C-alpha cells in the first residue's frame, strides 16, 4: 500500500493512481476528491428530501431536476472510472461497493424515461446512494468494529427483547381487548403498544384503561424497560468503546478495487 | 454427563439416549432436534398472534387450525417421550419443566371439545408454551445469573421506585384533583400518571395543567427519573455483565429428566 | 450498642429494652416488631390511596374508617412508648423522627372532630406517615450515602439542567409563540414544553409546528438530553455504587432515642 | 496571579483591584460581589420570564419595568467599570466577554426609545444576558472541559445520529406517505417523526398506522435508539468525568481583563 509517492513524481500507471484517488488515498489532493464526493452525496440527500415536498414552485422543481441530472452524471462518471481503474473489473462489479455504486445511479437513470408513473416508485431507490456515505472510513470503521465485537451479544439481546415484547403484548391483550376492542383488537396491535411503551416512546395512540391493564403495565415497565433497552445499549457501548482507527486505510473492507 | 459417545457407537439404552436427544445434548443431531423444537415454539407464537386477529378469511383460519393441531400433536408426543424417558417419571411430571410441558398441551387439547364458548378463554393459555422457550439454555443461563446475582439489589430498587411513585402520585393528586377531577380523581389514577411520567413513557392521556402541578412535576422528574429507572438499570447491567456460560449443560436447572 | 444480650437473660431495664425493640434491634423478636410497623405503614398508604377514590360503597368506606382508627391507635401507642422509653424525652420530641412520628398521628386525630370540611384538607397530611418508612435502615442508608457523596455534583447538575431548560424555553418561545399563541403564550408555558421534551416524557399536549421550531428542537434534543438527564444519572449512579451497610445500626441518624 | 494580598493592606492601584473584584477574585468580599452579580442575572431571567406572560396586571407590569431599568443601570455600570479597569480596553471591548457584556445592556437600552413596535422584537435579545452566567467558573470549566475532551467524538456522534435519523425518515416516508399524506407528506415531516421517535419523546402528533410502517418502526427503535442517544451520552459522560477545577482562576478563558 506504500506506493513510493514520497520519492518525487508518481510514476505508477494512471489506472492505479485513479483507483487511489477515488478512495481519497495517497495525497492531500486525493482527500479533497473524496471529500467532494461525500459532500455531493449529502447534496443528493438534500435534493431527495426537498423533492419529496408536495406542491413545490415549478422553478425550484426545475432547479432540483437539473441538480439531480448533474449529480447523476457525476456518479455515473465515478462508477465508470472505478470500473475502469479496478484491478479486477468483474470482482469490483460484483463486490458490495460495486453493487452500491451501480444502485446509486440506476434508479436515477430511469428519470430520463418518459413513463412518469414508474418513476415515482423507483425514484426513491436513489436513497441507496446514502450507503456510499458509509465509505467514509472513520465512521464506518467504528460501526463495523462495534457490530463485529458485539454481534453475538446483539443477537441474544434482540432475541430477549422480542420475547419481552411478546409477553407484554399477550398480557395486555388479555386485560384490554374487551374494554378496547379497537385499540387492542389483536396481538399484533398489542405488540405495537408494547413497542411504543417499552421503548418509552409513548405516542399515546393506544394505552391501557382497565385497572388490571394498568397494574400489568406497571410491572412490565419497572422490569421490562431494561430488557428492551439492551440492544440499543449494546450498540451504544460498542460504538463508544471502539478505538480510533490508527490507519486511514481500512483493511477489512473488500471492495475489489484497492488491490 | 460424559456418556462415552466419542468411543464409537452409543451403547446406552434408548431411554437414556432419548432423554439427552430432547435436551439437545450429546451429538450434533440432538442439537438439530432441540433447534427444531424451539422453532416450533416460535411458530406456535406466530399462530397464536395471527389467530387473535378478528375476521380472518376462513381459508387462513382453517390453515391455522390445522397448524395448531399439528403443533399440538408434536408437543404431546414430546411430552409422552419425555415422560417415558425420564429416570424418575413422577419427579419429572411434578418438576417445573414437566408442569410447563403439560400446560403447553392441555389448553390446546380443549380445542377438540365441541363447546366453542369455553375454548375462547382457555385458548390463550397456550401462551404458557412460550415458557418452553426458556429451556433455550444460553439466554436462560444469562437471565438466571442476572436475577440471582442482583436479587437483593432488585428488590430494594423496586421498593424505592414504588415509594417514589407513591410520593409523586400523592403530590400531584393534591395539586390537580380539583382542576381535573376526571383525570386525577383519586390516588390510583394519579399513580397511573406517575408511572407514565417517571418512566418517561408519557402517553399524554393525563398531564398536569395547574402551575403548582407543573412545578411539582419538574422537581419530581429532575430527581425521581433516576430512582424509577434503577430496577431496569439493575437488570440491564446484570444481563450485560453476565458471563457466557462455558458449558452447554446447564447444571442449575432441575427438570428431573437429565439424571 | 452491644447490650450483652448474648449472655443469657436481658437484665436491662424495660425502658431500654423497649427503645431497642421499637427500632428492631437486639433480637429476632424485635425485628418482627419493626417489620410489623413497616407493614402497618404500607397498609396506611393503601388506606389513604383507596380512600381517595370517589363514590366508594358505604360498607368499604366504613371498613376503611375502622382501619384508619385502628392504625391511628397503633401509631399513637408507638409514639407514646417511644416518648416514654427515650433517654432524653425532650430531645426525642424535637428530633427529626420525633416530629415525623407526631405528624403521622396529628392529622388523623382531627378525623375525630365533627367539622367535616376541615378534615378533607388535613386528611392528606397523613401522608407524612410514609416518611416513617424511611426508618427502614437499609434503603435509607443507601439514599443518605448517595445524596451525601454526590451533593455538590447534584446541585451543579440541577443548576446546569435548569439553564438548559431555560435556554430551550426562551428559544422555542421565539419560534412558536406567534404560530401557537395558546400553547406557547409565555416563557413559563414554554418551560413546561422544555421539561416534557428534554426529559423525553413528551405528553404531546404542546409541541412545535413551525419549521424553525422543529429544527431548534432537533438541536436542543441531540445536545440537551444529556444535560437534563445528569441529575437523575447522578442519583442513579450514587445509589448503585452505595455500599451495603455492614452494620444494621445506622450511626448517622440522630433520632434521640437510641443512646 | 498572587497579588500579595495576604501581606496586609492591598497597595495595588484601584483599577487592578476593581478588575479582580468584578471577577470575584482576591478576597471574600470580592466573591460576594460576584455572587450578587450572578443573582442579578438570575433575577433578570425571572423578569424576562414573567414579562412574557400576556395580560399582566398593570401594577406588576410597572414593577417589572422598574426592576428592568434598575438591572439595566447595574449592568451598564458593570460594563463601564470593566471597560475602565481593563488593562487593555480595546482588547476587552472586542473580547468574547466584552461583547456579551455589551449585548446584555444594548437591547434593554432600546426600551427607553418611544417606538414600541421595535421594542417587542429586540426585547428578547436581553436573553444574551444569561450568557454572563457562564462566567460562573465552576460550571463553565466543566462544560468547556467536557466539550474540549470529546469534540471529535461529539461531531462523529452527531453525524451518525443524523444519518440514522435520515434513514429512518426516508424509510417511514415510503411506508406511510400514502396512508397518511398529511402527517408524512414529505421527508422533512418524516424527519420530525424520526426525531420525536428515536429520542423517545413521542409527542404522539405523528405515528405510523400501516403494518409495514410499524414493523419498520420496531427495527428502527430496537437498533437506532442507541445511535441517536450517543451525542447526549457523550456529553453526559464527559461532564460527569470532568475533574473539579483545582484553581478558582480559569486560565483557558481569554477575556482580556485579567492580565
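All chains are identified by letter, namely A, B, C and D, in their written order; residue positions are counted from 1 within each chain.
We take it that a contact is a pair of C-beta atoms (placed from the backbone, for glycine too) under 8 Å apart; a residue touches a chain by one contact, two chains touch by 3 or more.
Please read all numbers here as calculations on a predicted model, not as lab measurements.
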Chain labels contacting subunit A and also subunit B: C, D
Interface with more contacting C-beta pairs, comparing A-C to A-D: A-D
Centroid comparison with subunit B (C-alpha atoms), farthest chain: D
Interface numbering overlap (same over half, different under half) for subunit B and subunit C: different
Distance from subunit C to subunit A - Cα centre to Cα centre, in angstrom: 46
CA centroid of subunit A to CA centroid of subunit D, Å: 33
Residues within subunit B bordering two or more other chains: 188, 200-204, 229, 233-234
Residue ranges of subunit A touching subunit C (in the complex, touch as defined): 200-204
Residues of subunit D touching subunit C in the complex: 45, 48-50, 52-54, 124, 127, 130, 133, 138-139, 142-143, 158, 161, 188, 192, 195-196, 199-205, 228-229, 231-236, 239-240
Of subunit A, residues touching subunit B in the complex: 153, 156, 159-160, 163, 166-167, 170, 173-174, 177, 185-188, 191, 197, 200-204, 207, 211, 214, 217-218, 221-227, 229-230, 233-234, 237
